[in-house]
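Just below sit the structures, each encoded as structure tokens.
You will see two complexes here that share chain A, one where it goes with chain B and one where it goes with chain C.
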Partner chain A sequence: MKGEMKELKLTVNGKPYELKVKPETLLVDLLRQELKLTGAKVGCLDSACGACTVNIDGKAVRSCSVLALQANGREVITIEGVADGDKLHPIQQAMIDHGAIECGFCTPGMVMSARALLAENPDPTREEVKESIQGNLCADAGYVKYIEAIEIAAKEMRGGQ
Partner chain B sequence: MIAAFEYFAPKTVEEALSLLSKYKEEAKMIAGGQSMLVVMKQRLLTPEYLIDIKGLTALDYIKYDEKQGLRIGALTIHRALEKSPVVQKHFGVLSEMEGNLATIQTRNWGTIGGNLCHSDPAGDPAAVFIALKAKFKLASSGKERIVEADEFSTDYLEADLKPNEMLTEIQVPNPPPHSGTAYEKLMVMKGDMGVIGAAVSITLSGKDSVCQDARIALSNCSSIPLRAKKAEEVLIGKTLNDGLLTEADEVAATEATPPSDVHGSAEYRREMTKVFVKRVAKLALEKAKAA
Partner chain C sequence: MDETFGNYRILGKAIPRVDAKAKVTGQAKYAADIEVANLLWGFVKRSPYAHARILNIDTSKAEKLPGVKAVTTGKDFGGFKWGWSGPTRDEEPLAVEKVRYQYEGVAAVAAVDEDTAQEACDLIEVDYEPLPGVFTPFEAMEEGAPLVHEDRPGNMCVEYHWDFGDVEKAFAESYLVREDTFQTPRQAKGYLEPPAVVAYWPDPDHLVYIGAKGSPYFPYRILAKCFNLPLSNVRIITPIIGSDFGGTKNDMTPADYSAVMLAKKTGRPVKFVTSQFDALTTDLRRHPMWITIKTGVTKDGMLKATYVKAVADGGAYTRMSPLTMFLTGTCMTLPYKLPNFKYDALNYFTNNPSSAAMRGHGLYHSRFAADVQLDMIAEELGIDSVEIRFKNSIENPKPGEVYETVNEVHVASCGMQECIEKVAEAVNWKARKGKKKAEGDKAYGMGFAAATYNGGTKLSAHNACAAIVRVCEDGSVNYLTGATDVGQGSDTIMSAIVAEVLGIALEDIDIKRVDSSFTPVDPGSYGSRVTVLAGQAAINAAEDAKKQLIEVAAQQFGVKPGDVEIKDRKVFVKSSPERNMAWERLVRVACYETPGKVIIGRGYSKQGISLLGLADFSKGVGDIGTNYSFTAQASEVEVDVETGVIKCTDNNVIAHDCGFPLNTQAVETQVQGGSYHQGISAAVYEEFKMDSGQTLNPNLIDYKRPRAYEAPMAQVIHVLTSDPYGPFGAKEASEGSTCSAPPSIVSAIHDATGVWIKDIPAQPEKVFWALKKKREKEQK
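And then the complex of A and B:
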């Protein structure tokens, strides 16, 4: 029946959820409004800005452009699930240390895009780093520091090599 | 924002097809939804029933063999095509095209079949598949049919898909020897939808430059991905040289009926069609000579 709630099972930041959602719910709305994980930002809601980027099964995806039900059975990681307890993820730490933080609105999306990149490519070229955040707009145009911070994090994650 | 609908997530292709034949025009299929959710948010599309096929892993494959060529399952994501070693080796143009299709986030979730069924004349894959003489396999309950890539789109956002049919596979034949295919589009920013784009395939008869066969397809130059047949005829059977390529690009521009919008006037797009047909034909020719 139209408007009928549907069951959704997924894990978010390692925690399993069993929920009932309206089918038209976008993943970003589920995360922000139901699960109160407001780290993924809503910039455009139109698949243009990348501020809502999360990782689904390890890949960078825009949570405004996925139905919540399409994440059924999948593993979603948001910016809230990136740090290891109190210890920031090397990408987060490098962005802070390197001043790659700007106003902060695009930062969660940048981290999630970079995290997906470094998971599959620990030693990316500068071109590959640039490509990884090509879908993340920074209104302050702070791209150079983001790129450098991702490279610093990559090196750190490779054990300084 | 998105209008309410009833949601189904079938587990098999058969189940998906039976839902389609039950609900027909009132149902829409969603794959990655990277184009479709945009029009659903705008309420340009308000289906009563939504059949979510993103999870049909049976249609997520890339297969290659020397006789049959390339077979791509409709639910293969763009990023998989971009990164596939077998695609890169045998159909490099497809991988190159994917590298400029939107952003990594879109390519990680959006599917090749969803892109084609959206039938946006500005889409990149359709033009490349037309140049590669691809065929699309469409399935309905108990039936299958094959449509040529250049006959699939029928109008702006309209395709030759009956209400009970879905695209299941893209079949790309191996090109004859001495063939080359290239695609480029005019972008303001990398990953943009092309202001215009051109895909060109050229097959030479041998080591000389006699053009045995040619295919030219244009994106964002009409209400459908447009095959520039008259421009192809300029090239076929002739020894290719700069003057002939110029003639072909001028003919292609007369075949184009591009839109005027914020990204460019129709007049500008026609001029750019000339530039890109020639540029891409040269690239295809180089590839054909090297093949």
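And then the complex of A and C:
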């Protein structure tokens, strides 16, 4: 049986929300259908493809693998909240400049996984970069330029060092 | 760092993609992201049986469920059947009398939300009479086997028998003749974006369909016929597409038809978003094929004759199998000179989901078999892998000349030998010989392969691409094309071509995605045809617009049009460049000088199409491509000899002759991705496991796809040949490396371990047993 509505307080992309949601609502459905933030993509709903990855309190989380209520009291950043106004995040800029993006369906998830990595580890090894996007399937671009773009962004964020 | 080719302002360099910013910020709208007012959600009711007669469908309980707005079954479609061509129209939008594969659609529901639609589908009662099925082509070909289609005796779907030269005589004269059988896997297309659609009828005579389709003019034609509408009243709108790779996102699905039918019934928009489970169980897959190949060579390894027998599992419906079997045969005479060639293709209906086109379509199967076998021959003869490829390769024809194969395939540019040389040099092939290949439990080996692929594919009917360049009065430009960017980057290439020809900046071009109300009709995104053919249309449309503007400029300057040029957003007199005018001013003068012009350039693709004639599938002659790409690849693998696990190392080099790389970055990602996702993946990782028509691994956890950690950091080398039939000399860059990757990996495994894996993917268990068998044989 469908449960009664529960209260949920969270911030999404810096904006506070007080909502009522069904207990079974997945975070990805809350974001896409209620908040109209469709940047997180639904590829599988099995936590296998990573296209729905967001950051919760800075960590990369697949938003199809958590209930909306599990984000209660937390800070959620989606792909729509990564750029600073018109100024793109270095990870976004590097992915454009380096030609990493093809169909783009996995791109939001790639950015969110890389963002979580670089926040914690500003100077990752190639193996660490690969590991950070191991949960993000890409269908067409072959990963090479994504991996290189994350490394370029990391260097840029370290001030070129 | 980035390479630059040719003497162009925009082309021949790394061009940032025009859609990259929207994609990297989450603003790009894919079909599932689209919302319209008053939307209903749809769900498809599917058959649990792989083969069963439908005795009755009772939808009454579903219709009574609160929130349900309409239900449809196959009977609503009035006997409409569809398929790839006239004689192959064997499929109904929703099955009426019989289901032929598991989870085939039998009904669909539109309701206020997805949960209600799904619940209603559970309430639809279907009486089935289960039938015995056939699940491999070998079962299907047996005398007295159950028939998938009652009117198709022997379950024969497609059959070709071609014979060029004198194969038997050539075998008799050969120094060595080898026969081997290879097997390629049943593979998913691999797109992450499952198909999705929104359909509505603004009035009873007009249909709007917004769907994830790489070839939007397929639904344009099919839906017009199915719903008895003039094409003028069918509006197909294309959102951003999350990859395609051939098959389902070209073709129709039960959800596509149901969305349109349920929208008609309810008068409201209806949306279907397919789940990944439904995509993996019912979407079109790569044909599993069994390729028996017999090859004769001279003592020094020159090819004399090849006979190929290809047996394929076509699945439940014909779909594109006639094309698949043609492609599997036609390019056996490339990239090596082959004077005698015989081909028998046998494609059978089975009670598995239908097979269809996929990146590297057709050639991937037979070129894999032929290239691995060439290494086996080289080993027997004591000839080096690179040497045997180089000396058998077609040479690059001289300008103005065309190489013709024994089956009348024509090649005007061929960088095969240069690709082979460059890869051999990059991996230091010669120095590898005799080097230590093992460290503890790990054995290392390198394999070499060469391949080809057709670009600008031309089928039997409508082949032309068309384009419209609309110059706005402020100097900005709308580009209208029927071509669809599914991720390969064609929107960027088309915009860049238009800007290059007009002499303006890439930022001046705004490309429109397909909206069949406004964009010109186009065959679609398949067969690596977009850059080659839509690119020609782009050049011609831009030239047409430019001609009109240059006439205005010539009048202003008081010179002949031939004396005027546009470059870097400036129009000037060639002999005295100080007499010039800014692009914006030129356009304003043209548009506002009484009576005022409206600058619209039109163009369509002409080259290649009628030049050498179209391919004849039954005879096996003629060109399927406008031109042909060539690829060489060397791959190193690490084999864990204890567990059989294969890992590709970063020592992976691919040289690709795409004629001219219009966007160097896009060529690189296409070559790396084509090699990796559909090539290496088929060689090492991916395969649907089946049991009596049931897919046993229908999710992205059990269906193993390689991820970043497994990715070789492949290096791409550009080889330029400037093809006379491609835009700015360009050929295809999406599919060649899909064909070179599997044979290079299988040869690398052999180099490391001495075993030949003839049935891919080389998953650990298979490699483990092959190594064990070899060890036992050596101990005897």
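Operating definition for what follows: the second predicted complex is superposed on the first by the 158 of 161 C-alpha atoms of A that agree within 3 Å, B and C clash if a C-alpha of one lies under 4 Å from a C-alpha of the other, contacts with A are read in each partner's own complex, and residues count from 1 in each chain.
One rule holds in what follows: contacts are C-beta pairs under 8 Å (C-beta built on N, C-alpha and C of every residue); 3 or more make two chains touch, one makes a residue touch a chain.
As the structure is a prediction and not an experimental result, all values here were calculated from the model.
Putting chain B and chain C on the same copy of chain A, do they fit or clash?
fit
Please indicate which partner A:K6 is in contact with in the superposed arrangement: first for chain B, second for chain C, both, or neither.
first
First (chain B), second (chain C), both or neither: which does A:V76 touch?
neither
Go through the superposed model and pick first if A:D46 touches only chain B, second if only chain C, both, or neither.
After superposing on A, A:D46 lies in contact with both chain B and chain C.
For the superposed three-chain arrangement, provide the angle chain B-chain A-chain C between C-alpha centres, rounded in steps of 10 degrees.
100
Would you check which partner chain A:V61 touches, where first means chain B only, second means chain C only, and both and neither mean what they say?
first
Would you check which partner chain A:E131 touches, where first means chain B only, second means chain C only, and both and neither mean what they say?
In the superposition, A:E131 touches chain B and chain C alike.
So, A:D140: does it touch chain B (first), chain C (second), both, or neither?
In the superposition, A:D140 contacts chain C only.
After the superposition, pull out the minimum Cα separation from chain B to chain C in whole angstrom, please.
6
What residues on chain A does chain C touch that chain B touches too?
Shared contact residues on chain A: 45-46, 131, 134-135.
Under the stated contact criterion, what part of chain A meets chain B in this complex?
Residue positions touching the partner: 1-4, 6, 22-24, 26, 45-47, 50, 53, 56, 59-62, 65-67, 69-70, 72-73, 113, 116, 131-132, 134-135.
In their shared complex, at which residues does chain A touch chain C?
Residue positions touching the partner: 32, 36-46, 48-49, 51, 78-80, 82-83, 88, 92, 95-108, 111, 127, 129-131, 133-147.
How about chain B: which of its residues touch chain A in the complex?
Its residues touching chain A are 1-7, 9, 30, 33-34, 37-38, 41, 48, 50, 52, 54-55, 79, 102-106, 108-109, 190-191.
Which residues of chain C touch chain A in their complex?
14, 16-17, 19-30, 32-33, 35, 190-194, 240-243, 245, 273, 275-276, 486-489, 665-666, 668-670, 672-677, 699-701, 705, 707-709, 711, 713-714
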